[in-house]
Amino acid sequence: MTKVHQDIEAALSCVKNGHTLMVGGFGLIGAPLTLIDGLTKKDVAGLTVISNNLGEKGKGLGILLSQKKIKKAIGSYFTSNREVGEFYQRGDIDLELLPQGTLAESMRAGGAGIGGYYTKTSVGTDLAKGKEEREINGVTYIFEPAIRANVALIRAWKADTLGNLVYYKTARNFNPVMATAADVVIVEVDEIVEPGELPPEEIVTPHLFVDGIIKATKILTKEGVIDYE
Amino acid sequence: MSDKEQMQNLIARRAAKELAGPSIVNLGIGIPTLVSKYIDDENVFFHTENGLLGVADVEEDKIDPNLVNAGKLPVGESIGASFFNSAESFAMIRGGHIDVAILGVLQVGQNGEIANWAVPGKNIMGVGGAMDLLVGAKKVIVTMTHTNKEGISKILRECTYPITSTRSVDMIITELAVFEVVEKQLKLIELMPGVSIEEVRAKTEADFIY
Amino acid sequence: MSDKEQMQNLIARRAAKELAGPSIVNLGIGIPTLVSKYIDDENVFFHTENGLLGVADVEEDKIDPNLVNAGKLPVGESIGASFFNSAESFAMIRGGHIDVAILGVLQVGQNGEIANWAVPGKNIMGVGGAMDLLVGAKKVIVTMTHTNKEGISKILRECTYPITSTRSVDMIITELAVFEVVEKQLKLIELMPGVSIEEVRAKTEADFIY
Amino acid sequence: MTKVHQDIEAALSCVKNGHTLMVGGFGLIGAPLTLIDGLTKKDVAGLTVISNNLGEKGKGLGILLSQKKIKKAIGSYFTSNREVGEFYQRGDIDLELLPQGTLAESMRAGGAGIGGYYTKTSVGTDLAKGKEEREINGVTYIFEPAIRANVALIRAWKADTLGNLVYYKTARNFNPVMATAADVVIVEVDEIVEPGELPPEEIVTPHLFVDGIIKATKILTKEGVIDYE
């Protein structure tokens, strides 16, 4: 058995029209740039994308947006891509804005078999409108439901061939959480190693969360995203 | 430094005086980012919500594109730093493990409530970690210019933009004055050098105690 | 091996046939622990809820007191193993990331519900991870002796002890027979070697399809 | 500033009568044996102890029970210490039994600013009696409130002097979760190292969770608990 894919089409064969996708990254940092690039070349439509933001205009998920493959986005900070606003004005995209901590926590709940939870965050603000309030020990919370996806596309630093993952610096961000909360999890990595090379105490994402692995060919550098062979 | 940069640094330097170790501090985007320059206490640790405790300055030639703060600006990591995921990072924030958050705002109301994420009439497009920091940090300090580009007070009787939280901030630092929020009322506790109380009154819409 | 051990190993060996990689398997205390001996598929990975994926057998001279399974028995770690905390471990279980759980029980009802954590009239003192595994594992297999020490059927019309979950298990393996649970009904799918259907009927209180 | 305590009395000065304590460990594995031993020598009473189990009779937390310092215990498996049953029968201790996953998750919620959450675990059983049920997307869950403590006593493998922690094998268990969910967190460790010696990507418990550190003098070996200088 191997989870390692040799080509991007095979890695992305799990993505179907109308799917909900989680896509890792904080902006371009830690985003699965290779898998996103593959999506821009794949004939797929009507996607719901759960990601902190939709990249920048013409970069990362921004390309997918321009291609009108995204019908809905759930995230915390769409401001980084001004094209999102233009699409929204024209009614070409649905948006669901969540506080960044709520976004992360709802995914964690989805991956952990928790149906929903109560958070203090956003109580009394416009983002809590229509949400159920509950007082617990004298503090007001709102209910937030768990979030799951059909497919999570994430990025890690190293994977062993079983699918154990470790992450690099702040490129970790949403990736380990998304790895827990989707039916199928595909990861792109800088390096693929043999089982045993990642010390058991240092593994961040155990292999039971990971379904497919591909070597990254798009790399974020100081000068921008480059192709890497 | 431009006049604007000087003003921002004046505010940041004053905010830095509020920080003493041991403490865990989260710095927002804009003026708050400048605060770390003025900290020389090795027991003040900077947290950034994208997953790092131990944010440090970075030299130009050591920039790593995968090591950034919440404003996506390049940073360094201090000795003893640690990385964690977004759910863990916001668990720290909401769970009360951050001592001080320093934030920029669009408006402050005289009850200490702030607005810093949305403008009426524009699409509501981004909120980031602001609401989490407001409910979670033990102390919240606002650093801001006293007035907007048109010279109109940003410290108002009531926020006209959507509020970020019903929790009042604890302190407001501008280029003109420092306010504490006591029982949902503003109290001017300090005038910045060369600033008169008349100037503060003239440029502040909100009522405050002095 | 004593008769009892032989019986336990017979059941464990039969349960092992149900496992084929790739799969993630959680083994309970007692007979289930023996199942791993009979697995020779490197893509069957054993999870233990106290925080290890990649449970392996350990030789006597390599026992580490800080490396144990959920029964607090010494184990080893396989190549590619990982350690995690209890909240993460049960997030895996509840979150549907475990393919198969093999559990011991006190009683099974003919609807497939089990009782394995409490006895009426005794203090309710321990539950451990049983309820989490029942709601979370994709497939649940029960390994058990068909009757108790007094020779009375443990496969009952209805559990008389408190149930562990309203979720029915998927398969029951005893020293006499193998049952599947289909739409909350028991279906005998296999007699163990040398066992007659009459013997199973005589020793089973529950109704079952054959 | 140093978080490192030289003597056990100072490390335990935060524990007061009537406090709620979280105590790490799965049985004796990963239990803070040195701190527990310190508690047995401290004049303190009326404790509520949150821990998976209460050790074994005459070992670990079992000693504290025999000394009648524990008025209530919250855990998942008290069966390992038969004295717990005797105390319970006599009305000398209150017990709250939770499924192990619920115990861990409630602590995580307490540390993460979550007021409570919905879990499938225990729905329809005696342990769900009196608990609120809620259907979410067709699945029945029960509500569980967050748990916090005044003090958490935990064990790790290595700490740097700032309080960053890493754990050893299955001695990790409840310790990292408890580190997040108490007002004061005291850790005993096998080894204290300088900041920078634990790689930033490998730290499991960042130092902001830790208030005090002490070197362990009680060690679990194959032959049982021994004193170590």
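Letters A, B, C and D mark the chains as written, and numbering starts fresh at 1 in each.
Criterion: a residue touches a chain if its C-beta (ideal position, glycine included) is under 8 Å from a C-beta of that chain, and two chains touch if they have at least 3 such contacts.
The model shown is predicted, which means the values in this text are computed figures rather than measured ones.
A.B. asks: For the pairs C-D and B-D, output the one whose chains share more C-beta pairs in contact.
C.D. replies: Pair with the higher count of C-beta contacts: C-D.
A.B. asks: Distance-wise, how many Å sit between the C-alpha centres of subunit C and subunit D, to the nearest whole number?
C.D. replies: That pair's centroid distance is 28 Å.
A.B. asks: Measuring centre to centre with CA averages, how many angstrom lie between subunit A and subunit C?
C.D. replies: Subunit A and subunit C have C-alpha centres separated by 36 Å.
A.B. asks: Quick one: subunit A and subunit D, Cα centre-to-centre, how many Å?
C.D. replies: Going by mean C-alpha positions, subunit A sits 33 Å from subunit D.
A.B. asks: Give the residues of subunit C that touch two or more other chains, as numbers and ranges in rising order.
C.D. replies: Within subunit C, residues 77, 83-84, 90-91, 93-94, 135-136 contact more than one other chain.
A.B. asks: Which subunit A residues touch at least two other chains?
C.D. replies: 105, 108, 112-114, 119-121, 167-169, 172, 200-201, 204
A.B. asks: Provide the full list of chain pairs in touch.
C.D. replies: Inter-chain contacts occur between A-B, A-C, A-D, B-D, C-D.
A.B. asks: Contact residues on subunit B for subunit A in the complex?
C.D. replies: Touch residues, subunit B against subunit A: 48-52, 63-68, 72, 77, 83-87, 89-91, 93-94, 118, 123-132, 135-136, 162-166.
A.B. asks: Hey, which residues of subunit A end up touching subunit B in the complex?
C.D. replies: These residues of subunit A touch subunit B: 26-27, 29-30, 52-53, 76-80, 84-85, 88-89, 95, 97-105, 107-108, 119-127, 167-177, 204, 220-222.
A.B. asks: Applying the document's contact rule, which stretches of subunit A touch subunit C when the two form their complex?
C.D. replies: Residues in contact with subunit C: 1, 108, 110-114, 160, 162, 164, 180-181, 195-196, 198, 200-201, 203, 206-209.
A.B. asks: Inside the complex, what are the residues of subunit D that reach subunit A?
C.D. replies: Of all residues in subunit D, those touching subunit A are 105, 109, 112-121, 134, 136-137, 139, 141, 145-146, 166-169, 172, 200-202, 204.
A.B. asks: Considering only the defined contacts, which subunit B positions touch subunit D in the complex?
C.D. replies: For this pair, the touching residues of subunit B are 21-22, 24, 43, 45, 47, 53-54, 77, 79-84, 90-98, 135-136.
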